[in-house]
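We call the chains A, B and C, going by the order they appear; numbering starts again at 1 in every chain.
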Amino acid sequence: MIGFLFRRLGAMLILLLVVSFITFTLFQFGPADPAAASCGQECTPERVEQARIALGLDKPFFVQYLAFLSGLVGPRMLGAPGAEQVCAWPCLGKSFQTNENVTDMIANALPYTVSLTVGAVVLWTVVGVGMGLFAALRKGKLADRLIVGAASFGVSLPIPVTGLVLLLVFVGTLGWLPFTTNAIRSPFGEAGFFGWTTNYLLAWIALAVLFSAQYVRITRNNMIETFSEDFMRTARAKGLSRGTIVFKHGVRAGITPIVTMLGLDLGAMLGGAVLTEQIFSVPGLGFTAVRAATSGDLPVTMAITMLAAFFIILFNVIVDVSYAFIDPRVRVN
Amino acid sequence: MNTPLLEVSELRKHFPIKGAFGRTVGAVKAVDSVSFTLQRGTTLGLVGESGCGKSTTGKVLMRLLDPTSGSIKLDGEEISTFKGKELNAFRRRVQMVFQNPASSLNPRASIGAAIAAPLIEQGIKPPGGVKAKVRDLMDRVGLRPEHANRFPHEFSGGQRQRIGIARALALDPDVVICDEPVSALDVSVQAQVVNLLKDIQRDTGISYIFIAHDLAVVKHMADEVAVMYLGKIMEQGSNEQIFADPQHPYTRALLSAVPSVELDAALTERIRLGGDLPSPSNPPSGCVFRTRCPAYALLPETDRARCADQVPTGEVACHFPSAPLAAVAAHR
Amino acid sequence: MLSVKNLSVQFPTDDGMVAALNGMDLQLHRGETVGLVGESGSGKSVTSQAIMGLFKETRAKISGEITFEGTDLLALSEDRMRTFRGKKIGMIFQDPLSAMHPFYTVGSQIAEAYRVHNKVSRKAAKQVAIDMLARVGIPDPKKRVDNYPHEFSGGMRQRAMIAMALVCEPELLIADEPTTALDVTVQAQILDLISELQAETNSAVIFVTHDLGVVAQLCQRVVVMYGGQCVEQASVREIFTAPSHPYTRGLMASMPHLSGEDDRLTPIPGSPPALLDLPSGCIFADRCEFAALVPDNRCQNERPQLLVTGEHAARCHGHEMSLLPKTIKVGA
C-alpha cells in the first residue's frame, strides 16, 4: 500500500510537470502579448520593451520556464534588473495585470471555490444518490419514471440557464435570498453558517441540478444491476430485513462507480467552476482564471491550471486508494 | 505404422508472471510437457478438471497461443513455427468449435454469412459457389438451408452449436478442435450434437480433439483419451483402457467421483480426493498429483520420496500405479 | 411438511407473459431428500425460489398454494416470510462466488445469517460461524473465518455457503444446482457433505439439478419437470427402473453413461418449449415419439392431468390410457 502510494505520488509530480510545460508552451505561441497588455493605454514601443524586461519575457523560453519552476522549489527574484524583489516560496510569480503576488491571489480565491464546491457536492450527492437509489428500488413504477424523466431534463439544463432563472426568481422577484456577496468566504466568519448557506445556496442549487441528474442516472443503473446480483438473493434468503439488504448489501456493493465519479467531479470542481462563478459573481478560482486567461496574465493562468490539475490528479489517487477500502479484492494486488 | 495426422511432443505453454517493473518472477505452467498423437479419422479426448490445461492445449494446437516449447507436427510437418501465409494455410486444416456458440457468433450477421465467413476470408471459391456450399453445410449439420438468412438469436442453444460446427467444417479441415462443445447444452440436446459430430466423422473421416470435463461424454466420443491434471497428462490410452481399466490413481478418482445412475453401483469403490488444486505457478515437485493422491498416503516412506523427487513419465504417469488407494466406504 | 399445489408463476416481459410454472405440484416429507430434475427452462429453479418467497414484491404473478407446516406461505407478508427464510428454510445456490457478498468476510456473512434469527453478541455469532465452518469441513476455521470469499477455492466456497444456509438449523434445505459449477471431484465431496449433514440434522432437502446421476446418488424421490410442470414423480428406484413419462424415458436414453456398451445416444428431437407461447395440449407433445399412439390428437389438444398411482405419478395421456410400450428404449 505504501509503495503504491509513493508510485502514484511520483507519477503525479511528473504529470504536473507535463501540464505546466504544456500550458507554458501554449502561452508562448498564443496571440496575447502580456507586455503590451500590462503597459496600459498610452503605450510607446519603448515602454512595452521596458515592461517586457520587467516581466522577464525577454529571456529565452526555457530560461523563463526554469525560472518559473525554481519558484516552486524555493524563493525566487522577480522584477526588472536592478529593482528585483524577493518572492517567497512557494512563488508562482506576480500577476502581469495587477502586480499582485499570485500565491496570495490564489489563497484569496480558493475559499470561494471551496465554499461553492463543498455545498454543491453535498447537495448533489444527497439528492442524486438518494433519488437514484429510490428510483432503483421503485424500478418501472411511477416514481421511477418521474425521477428518470426529471433527470433527463436536469442533465440538459445548462448552468447559465438554471443560474439566471434561480437568481431572477428567488433574488429578483421573490426576494427570499440576498444577492451573492464577496464578503462571505466561509461558514466560520461573521456571517456564520446560516449566512454562508444563504449566500451560496442558489449557486449550489444551480450546480446540483446538473450534477444530481447525472448521479441519479449512474446510481439508478448501478443499483438496479447490483440488486439483480446473486448475493442480493442470498441476502434475502437469509431472512435479512429490507434495510439491511438494501444498504448493507446493495449500496455497499454498488457504491464503487459512484465514489469514482464523485472523486473526479470533486477534483474538477476545486479547480474552479467557471460558469457558475461568473454568473453568481463569486470571485473564486474559475472567475480569476477567466480574467487572467483573457488578459494574457501568464503567471495567474499557469498557477490556476496547475492547481486544477493537481486537484484532479490528487482525487484520482484518493479514488484509487478508496477502492482498496471498499473492495477487499483490490487489496491483494 | 503410418505418420499420425497430428503429433505433439513435449508441448509446453508457460504464462510468465510479471512482478513490479515488468520483471518475470515466475510462470504459470498451464501446459507442461504434453505429448500425444492423433490418427486420421479418430477422436482424441482431452479430459480433466478446470485448471488442468486442456483448453490451453487446444488453443496452442490451434496456434491461437504460441507454444513456449515443444513440437506440433501436422502430417509430419512442424507447424509450431509457422508464421504469416503458412499459418493462414494451416488454419484451413485445423478448425475449432467453442463451448459457447452464442458468444462466438456475431449477433448482427446472418448465419449464412457466419458459415460462409471462413470461405470468404480464405478466398476459397468452392465448386458451385459459396451459397451452394453453405446450403450443403447447413444440411449436413441438420439445419434447414432456407434459414440461412436468419440471425443467431432466432436459434436455440443446440441449433447455434450446429451453426458453429457448420462454420468449422466450411474449409473441409483435417482436424476440428472441439472445446467443451456440449457442456452448455441440456442433456437431451447434448446427445443430438454428440451424435452429429460422430456422424460427420463417419461420413468424412475428419479427426477431432475433443476437450471436455464430462467423462461420460468423452467416453461416447473418443477413441483415445488423455487425462490431464495441472498441465500434465496423467494417463493416456484407448477408450477401453481408460474407462474399463484405469491405472492412474487420478483417473480412478475422477471416474469414481462421477455420480452414477446405476443404483447398485454404490457398492463399488468410492475414492475421494481431499484438498485443493495446487497453484500451477508453484506445482509440487516430482509427481504433481502426489499432494492429493489417494495412494500416496498409504505408501511407505521410501516410495513417497520417489514420488517427490522424480517426475513420472509414460502412458501412465505414476510410479506406483497398482498401489492400493485410500477409499471411502460407500453408503446410500 | 411442504406441499405445493397447482403453483403457477408468470413473469411479465416486453414480449408478453412468460409462463415459468404451469400448475406445479410437489410434496415433501420430513427428513426426505427430493430431487427436482429438469432441463433449462423447466421451472425447477423457479419452484425453489417461489417456495423461498423470493417473488414477493416483484412483478411476478403467482397463483396456487404453498403450504409449509400448515402455514400458507403465499399468503404471508414479506415481513412474516422473513421469519421463515434462513431460519426454517435454508437455501444454497449454484455459483457460490457470486452468491456470497464479495466485500464481507465469509465469517461475518455466516454470523449475519445467525444473528438475524438469534439474539446473540457479535462475538458469540462469530464463534458459531467458526464452529459451523469446522462442521462443513473447512480446515483451520479459526483463521478462515476472516477470509473473503475470493480467498476460498470453489469447493470451499460452496462448503461455506452450506454453513451459511444451515447455521440456524432449518427444517428444509433448498439446494439450487449447488454442484453444477464445480468440478466432478469437488462435486463428489459436496454431495457427501450434504448427505452427511442431512443424516445428522434430519432436515428435508430439495435438490434441484439437471444431473440424473446426482439424483441417483443423493435422493430418495425424484420430481421430473418439463415446461413448468411436474411430469413425473416417483421413488428413485422406480424412476430409473420403470419410468412412465416419455420425457423421463427420453432423458435417460439421451444421457451418456460411463458404463455399458451403448455408444450411440438417443436424443430427444427438437428443443425445450418456448415459455412465451405454450401449447394448449401436452407441453411435451411436439417432441414426444408416442404422441401419435394416442387417438384423436388428444396430446395436441388437451393438457394431461397428473395421474397418481400409489407412490408414482405421471402426467401423460399415453400412460393414462396404457398405450406406451412397457420397455424402455436404450440405445439403438
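Keep in mind that, in the parts below, a contact is a pair of C-beta atoms (placed from the backbone, for glycine too) under 8 Å apart; a residue touches a chain by one contact, two chains touch by 3 or more.
This structure is a prediction, so every number in the text was calculated from the model and none was measured.
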item	value
Pairwise touch network: line, ring, star, complete, or other	line
Chain at maximum distance from subunit B, centres defined as averaged CA atoms	A
Subunit B and subunit C, separation of their C-alpha mean positions in angstrom	31
Inter-centroid spacing, subunit B versus subunit A (mean Cα positions, whole Å)	56
Residues of subunit A that touch subunit C when the two form their complex	140, 229-231, 233-242, 249, 252-253, 326-329
Complex interface listing, subunit B residues touching subunit C	49-50, 156-159, 186-192, 194-195, 198, 213-217, 219-220, 243, 253-263, 265-266, 270, 272-273, 276-277, 328, 331-332
Subunit B-facing residues of subunit C, complex	39-40, 153-156, 183-189, 191-192, 195, 210-214, 216-218, 236-237, 240-241, 250-259, 263-269, 271-272
Interface residues, subunit C side, partner subunit A - complex	49, 52, 54, 59, 78, 82-87, 90-91, 93, 95, 98-103, 112-113, 116-117, 148, 150, 161, 164-165
